[in-house]
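Here chain A shows up in two complexes: once beside chain B, once beside chain C.
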Partner chain A sequence: MIVFEGVSKFYGEVLGVNRVNLQIAPGITSLVGPNGSGKTTLMNLMTGLLKPTRGRIRVLGISPNDPEALFQKLGYCSQFDSFPRGATAREFIEFYLRVHGYTRAETAELAHQALERVSLTEAADRKVSAFSKGMRQRVRLAQSIAHNPSVLVLDEPLNGLDPMARAEIIRLFRQLADAGMYLIISSHILHEVDMMSDSVVLLHNGYVVAEGEVHGVRDEIDEHPIQILIRCDRPQALAARLFEHEHTVEARIHDDRQGLFVKTRRPDDFYLLLNKVITELNLQVESVGPVDDDLNAVYQYLITSDGGQTR
Partner chain B sequence: MAVYENLYRAYEGESHTAWSRFLVIPRYAVRDVFKSKLFTTIFILCFIYPLIAAILVYLHHNTNALALLQINVRELLPIDNTFFRTFIQVQGGFAFILAVLVAPPLISRDLSNNALPLYLCRPLSRTEYVLGKMAAVAFLLSLVTWVPGLLIFAFQASLSGIGWLLANLWMVWAIFLGSMVWIILLSLIALAVSALVKWRVVASGAMLGLFFVPSAFGEIVNELFLTRSGHLISLWETMNSIWLGLFGLFERQTGRITGKVTTPIYDNEFVDIVLLEPPLWASWLVIALVCAVCIWLLARKVRAYEVIK
Partner chain C sequence: MSSASEIREQSAATNVNEPNAGKLRASSWSLWGRQTLAILNLEIRKNFLSRRASLLYLIAGLPLVLLSLLALFPPPTDEMANFSEFSVVYAAIYGGLILRTLVFFGCAWVFMNLFRGEVVDRSLHYYFLAPVRREVLVVGKYLSGLIATIVLFSVTTVGSMLILYFGLFPSESGRYFFEGTGAGQMMAYLGVTLLACIGYGAVFLLVGLFFRNPIIPGLILYGWEWLNFLLPPLLKKLSVIHYLHSLVPVPMSEGPFAVLAEPTPAWISVPSLLLFTGVVLFLASVHIRRMEISYAGE
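Presenting the complex of A and B:
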């Protein structure tokens, strides 16, 4: 486990993060929040690049103050293209392995394994400057996993990638997580985080506003109405029947008049009711699904609603 | 919580080269600088004076060669403390040129690439990082200063015999310490400039400015006030005093002005001024202070993340 106990970090009088209590399990955990919310601060605290003003951090039982032990277990992938001019992918990875303290033979072996893991063996001896963004990201990733860490900290790893490259990188993350790694990812691209994360930590202004599994977080917000879209042939009739029941907070017909948006505070009861109404009205239903059961809705609700602040 | 099959095994062995880990940085840096043809050419030129010095030592002990060249041994420069002090001074000049060429991009490149977090996410401290960068400069400068200096000393000792060696053994320390003080000063200034300035050309210019502008200003002070105290703000003169001190050649009084003088300070006044160089301890203090300021700057700038307030 990665554990934060009452961790605060202040830059002088400026708040970085405050009173963070977290327990991060294996798998992909995403730190989500807008710029300045404390994502990078939290990552830097975990990697020992920053010292907490208060509190205690343990990464697999190791204090970040013990770099010798910590960095055998932890890998860090920066969001920046930190490639030296003229370096090849292999040279870049080997250099940092050498700085890590590995012998020449170990370095060659580990670099080769890492390049293989990110499917870059063929391009390994080409200059990174000629690589696409996706390939560069894979080089950065290879650098961070080359020493076989158990915890991988990735700062905005999907920034600037095209959809193909994103899908490729996400698949790689999934493989690593399935192999038992801890992947801590910071992002503000909510829908991607939603797709790949096992759990999320939502940050705002240095505070953790919610944490847990994406759907678990959503469930906790029982006061926040969920919006469901029902694509059907007679949305007006459906709306009229649904308004007879207290589960419906709001209903709005889709612009194409082939669907109905319904807001409800009790989705489980609402779905039971909907089945009944569809049968009664003999509606032709194309699809039923939540519109905003994604992180974006949860996030927006938590950071903009006064009631949602869990400070 | 999900159940994972833990296939991922972290390396759990000992690190083989923990104490010398930082030396990877200079190894790669030195390899990189020799990719530049300009640097390699200048580096080779740095050995011309040591070659001349070695030939001079050889001639002092080879009567056949002297006869062939029709040179009297008394016409040659004597191989003494002045000879070695001059050697260190000349090679110190070359060391300065090498430092200007090599050092400016060392840290600035990492800062502009945002590579510091990558370095520091290893079992490598900020001190070790700076030491590694400094070692790259120190290694190259050593090759043109105390290493050839001691080789020539050893050459002279081997030709002159044990008597000369015992009488001049103290010079080993003078050659080494004199060179090392200059190397440390140059490395620290160059790295501090490199940490402050991201552009290589500007960094090189700043370094030249730091050495030449105060020297010129110091000379103006000396001329205006009829003093030698202006030498304290010239790193060249300060270092020269230290070298003179180490080789037993330092003299405080370097001149005397007697008579009527006209400067912006003195208006056709009669003066009798003994020109005294600043004391040696003051020169050491200046060098120590400059080094301390550079270390302070490096401590402030070499961080994984810059906190912008």
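Presenting the complex of A and C:
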């Protein structure tokens, strides 16, 4: 497990993260939040690039203050886009594998495997300075996985990648996670997080506002209303009828006047009621479905709600 | 045992549930040696081939160009017409230009940039994310700076001496270097250059680690080294130049205002410089161990 116990980090007076308590299991865990929410700080703390002001971190039982042990097991693909001048992709990866202590032969083999994993074998001997942003991103990814770590920390790894490369890299992440690795990925592209994550940690202003499986997070706020959109021919009549139900918190007519947004605290009861009302009013219903059963909506709800800081 | 299997075994031996489990890893000298060589390999390339290296080449090449011009267009002075005065002329050039200025600023440029430059380039994290002891990193980087400065300033030392002597008095110089004391003096100057790189390298490694903008402390140090001849004997000992000055083969007059002090014998100077370097590397390692990487504001 990767464990954060009461971890806080302040940059002077400025808060980085505060009172973070987390236990991260194998699989893909996404750190989600807007810029400045503390995602990179959390990753840098995990990898020892930053020291916590308070609290304790253990990565597979190893302290980030013990780099000799930690980086046998951990790879970090940061956002910093810098490479030695004139180095090819292969040379770049080999340089740092040699720093690990591998022999020339082992280094060559591991570098080749890593380049193959990110589909860069053909460009391996070209200078990185001539690469596109997406290719450089893949080189850094290859460098971080070259020593076959058990924990892979990736800061916005899909930035700059074209859709095909994104799909390939997400597939690679999935393979690594299925093989038992820990992948901690930061992102603000919620659609991708939704697609690939086993669990998410939602961050806002340095606080963990929620954590768990994507749907688990949704369950966490079950006590709070969810929003349902009913596309129908007479939304006003429906709204009037639904307001009689005690769990209807809010009803709002859609701008095109062909639908109704309803917030309810009891979705199951609400759907039963809705069926009844539709029959009673003989409504022409086009569709019924939750508006916000995705991470974006959950995230927006949590960070804008007064009760959002659930943890 | 191959290194990879060694590393894997070390990992396997690590019980991740135990506190300080990482410390159980074998701290083998052979692994550190390989890691030092890997760091050296990368850093030497940077020191010789990066954009920053061009200033170093300029600094190291300056006396060669100046002395070539001097050999081509000798000024009509008595010193330049008299071969027997040449050892004093070279001592003045070496002490004033090469040692106190060019080696000083060359070392400042190389060693302050070993860590500072990587922070500016946002590349230091690659080393910090490798399973390498910080001490190994400090030693590897320091050695790479040492190799770069020693190679370049040895060429400067030898080249400027040969250009000066052979450019003006080729036949006398041939006898001086092959039959006389010239070769011995050249070796002595080379030794002083080497020790200067070691001493100034250590100082500037530390300055680069502790100061975000090392220019001001660098200039203060430059002033301190230049004004060393005015300092009382005890303070003189708190400078690198004092120990180097006592090792140059041709003693130089420091002028009428110099505060005289007993020169430190070589058997004290050399170990003192090496001990000082060792202490500095230790302090640098301690600092690097506690160092955080936040490129913001760089």
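Simple rule for what comes next: the second predicted complex is superposed on the first by the 239 of 311 C-alpha atoms of A that agree within 3 Å, B and C clash if a C-alpha of one lies under 4 Å from a C-alpha of the other, contacts with A are read in each partner's own complex, and residues count from 1 in each chain.
The definition used in the following text is that contacts are C-beta pairs under 8 Å (C-beta built on N, C-alpha and C of every residue); 3 or more make two chains touch, one makes a residue touch a chain.
What you see is a predicted model, and the numbers here were worked out from it, not measured in a lab.
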**Prompt:** Superposed on chain A, are chain B and chain C clashing or fitting side by side?
**Reply:** clash
**Asked** Once the shared chain is lined up, is A:Val288 touching chain B (first), chain C (second), both, or neither of them?
**Response** neither
**Request:** Go through the superposed model and pick first if A:Met181 touches only chain B, second if only chain C, both, or neither.
**Result:** first
**Message:** Contact-wise, after the overlay, does A:Gly27 reach chain B, chain C, both or neither (first, second, both, neither)?
**Reply:** first
**Request:** Return first, second, both or neither, reflecting whether A:Leu50 touches chain B, chain C, both chains, or no partner chain.
**Result:** both
**Prompt:** So, does A:Tyr96 touch the first partner chain B, the second partner chain C, both, or neither?
**Reply:** both
**Asked** Once the shared chain is lined up, is A:Val14 touching chain B (first), chain C (second), both, or neither of them?
**Response** first
**Asked** In the superposed arrangement, does A:Ala108 touch chain B (first), chain C (second), both or neither?
**Response** neither
**Asked** For A:Gly61, is the partner it touches chain B (first), chain C (second), both, or none of the two (neither)?
**Response** second
**Request:** Considering only touches as defined above, state whether A:Asp198 meets chain B (first), chain C (second), both or neither.
**Result:** first
**Asked** chain C clashes with which stretch of chain B: 1-9, 217-225 or 289-297?
**Response** 289-297
**Complete:** Dual-contact residues of chain A (chain B, chain C) 11, 44, 47, 49-50, 67-68, 70-76, 78, 80-85, 95-96, 98-103, 106, 143
**Message:** Going by the contact rule set out above, which residues of chain A touch chain B in the complex?
**Reply:** 11-12, 14, 25-27, 40, 44, 47, 49-50, 67-68, 70-76, 78, 80-85, 95-96, 98-103, 106, 143, 147-150, 176-181, 198
**Asked** What does chain B use to touch chain A in their complex?
**Response** 1-2, 4-12, 15-18, 21, 24-25, 28, 109-110, 113-115, 117-125, 304-305, 307, 309
**Message:** Going by the contact rule set out above, which residues of chain A touch chain C in the complex?
**Reply:** 11, 44, 47-51, 60-63, 66-76, 78, 80-86, 95-96, 98-103, 106, 143-144
**Message:** Can you tell me which positions in chain C touch chain A when the two form their complex?
**Reply:** 2-4, 6-7, 10-11, 14-23, 25, 27, 31, 34-35, 37-39, 41-42, 45-46, 49-51, 121-123, 125-134, 290, 292-295
